[in-house]
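Both of the next two complexes hold subunit A, though its partner changes from subunit B to subunit C.
Then we have the complex of A and B:
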């Protein structure tokens, strides 16, 4: 059974269509890049997969079930914003994850916080923006989940933090599970991707293996992406090709 | 799981409300001690000032209570924190129950604190004998009456909380201004509720006096309101959730 199946998935916000007839199957044990320019529907697709949004039409199944209590138990989600309450200390968040997720490894999370120089007694709101993001990523990656949904984990951080984030993902994910990383900063994750999903204006343009895509096009995925989404080049930020 | 959710909600709410409760209790003692030593029998300036301060703080605590009940639901489920709460392996029903039970407990806590605020008056003011006398001569036939009034008060508070929750659950459907839409939904629900209550009382011939024989009617109405508001809230948050 595929881990994720979307059939004829549509999502509209009022008159605006965010996803148009998305058909997608995602297997297990892979790192997949969900690549597309800003506003292409990446976040909407991720939110539908974890039940934060309901599709307007079509079906979504995660591990054979529509998003609900069962699917949420096997999904580890990193949103593109801070989602903890202001009053929480790092230790409160650790308690919280330990209380609600059976697959959460508290010891590992504590030692990762320590290596970041973050005390578990620190108040979350007093941490620097970078450390808040790192703690949130640590919590998400210290779960032995089946599906990691990481929404723009490397957007808006400096290159050193990007390296930390990618290393944390690679060193900690459950290898039997799948990691879906949405981003428009392709150069940074090019080397780690097994598969690529290219999305534009709410439509899936391609879903292929990263190697096949490079072979077919004879270019790096980053270069190909820049050609495909020419108008969005500037948003991508780094001009390495 | 519900117990764990309630634990976090109570913790979040108590961080804000407990200092206000403490202020009320301290003020209760200050007023009682001041009255005792000054042997105030008439309305002196100081006495009036103390009463005004007490009324202001009691009002502030009530307002704060309402604000945190709304805030815990709005920020805790429908803003950024919602991304954490709605991705937990927990049903929307339990998330709503947790918010409701913790809001109810905090609201009852506020009521008790206000009652206890007047305890020093009785203890210091020499009215203790009267209180003991009143307890000794308490007519236990009134217990049934008291229990039914307490049940109505709890059901009324619960239905008021649910009313606000349902309005916010409707408001979050808007893609434009979710807060304004929630406010409009609150007013619309109030109007519908008033019309239905008047119609129901008219049809069933009730007088509208909660202290007389209509207590059961009031209790049933509040429970029905709770059930309807819960169904609306749960349906919208589980089937039509629209996090920004």
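Then we have the complex of A and C:
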């Protein structure tokens, strides 16, 4: 059984269509890049997969079930925004995760925080932006989940922090689990993804092996992406009103 | 040896080439056990599936042998490794000669220049 199947999935926000007829099958044990420009539907798709949004039409199954209470136990989700309260200490977060998720490895999380130089007594408020993101990712990756949904995990951190984050993903994901990383910073995840899903205006353009795509095009995925989603530069011109 | 990966070409092919180099250069000797896929992948900073694909290709070529119980080792057929080493050397030579011809040297001059260049870099 495939880990994720979407058939004829649609999502509309009022008149705006965010996803149009998405058909997708995602297997196990992979690191997949969900790539698309801003506003292409990446976050909407991720939120539907983890049950935060309901599809307008079509079906989604994760591990054979419609996303809901059961799927929360097997999905580890990193949102694109911070969702922890400022007053919380790192240890409070560890307590929550330990309480919520059976598959959370507290010891591992504590030792990773230590290697980051973050004390578990620190308040989230006190941490730098980069460290907040690292702590958040640590929590998510210290679960032995089936599906990791990482929404923009590397946006807004410095290159050293980015390396830490990518290493953390690579070294900690459960081998039978799949990691879906949404990003538009493709060059950074180029080496770690084995499949790519290209999404544009709510439609899946391609879902292929990263190396096959490189072989066909003779280019990096990043270069391909730039070509596909090329926007013409605005170079002035005549205003004829 | 550090991994050197360029994103323009399929990564598994590059991993395969570099693993071959590590074997023929003696980083891993005949019959040596190789690190696990995961360790190798982490070292190269790549996806384990991609590393797996490179190892499977080497397995097919007979340079490494997969043992169900003890993991992967380098083949103990020394001649096979030596053959591979010579093949790589040939490729480098052909590339060198082609570039020298492009610069307007003859084959003889190109080969003499290697010797000269060698001596100069020793002094």
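As a working rule, the second predicted complex is superposed on the first by the 231 of 241 C-alpha atoms of A that agree within 3 Å, B and C clash if a C-alpha of one lies under 4 Å from a C-alpha of the other, contacts with A are read in each partner's own complex, and residues count from 1 in each chain.
We take it that contacts are C-beta pairs under 8 Å (C-beta built on N, C-alpha and C of every residue); 3 or more make two chains touch, one makes a residue touch a chain.
As the structure is a computational prediction, the values presented were derived from the model and not from experiment.
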After the superposition on A, what does A:191 contact: first (subunit B), second (subunit C), both or neither? second
Per the contact definition in the header, classify A:85: touching subunit B only (first), subunit C only (second), both, or neither. first
Is A:54 contacted by the first partner subunit B, the second partner subunit C, both or neither? first
Quick one: classify A:70 as touching subunit B (first), subunit C (second), both or neither. first
Which residues of subunit A touch subunit C in their complex? 29-31, 166-167, 170-171, 175, 187, 190-194, 210-212, 214-215, 218-223
In the complex with subunit A, residue positions of subunit B that touch it: 1, 4, 8, 11-12, 15, 75-76, 80-84, 86-91, 175, 239-243
Note: in the complex, subunit C contacts subunit A through residues 5, 7-13, 38, 41-42, 44-50, 53
Complex contacts: residues of subunit A adjacent to subunit B: 13-14, 47, 50-54, 68-70, 72-73, 75, 77, 79, 81-85, 87, 92, 96, 99-101
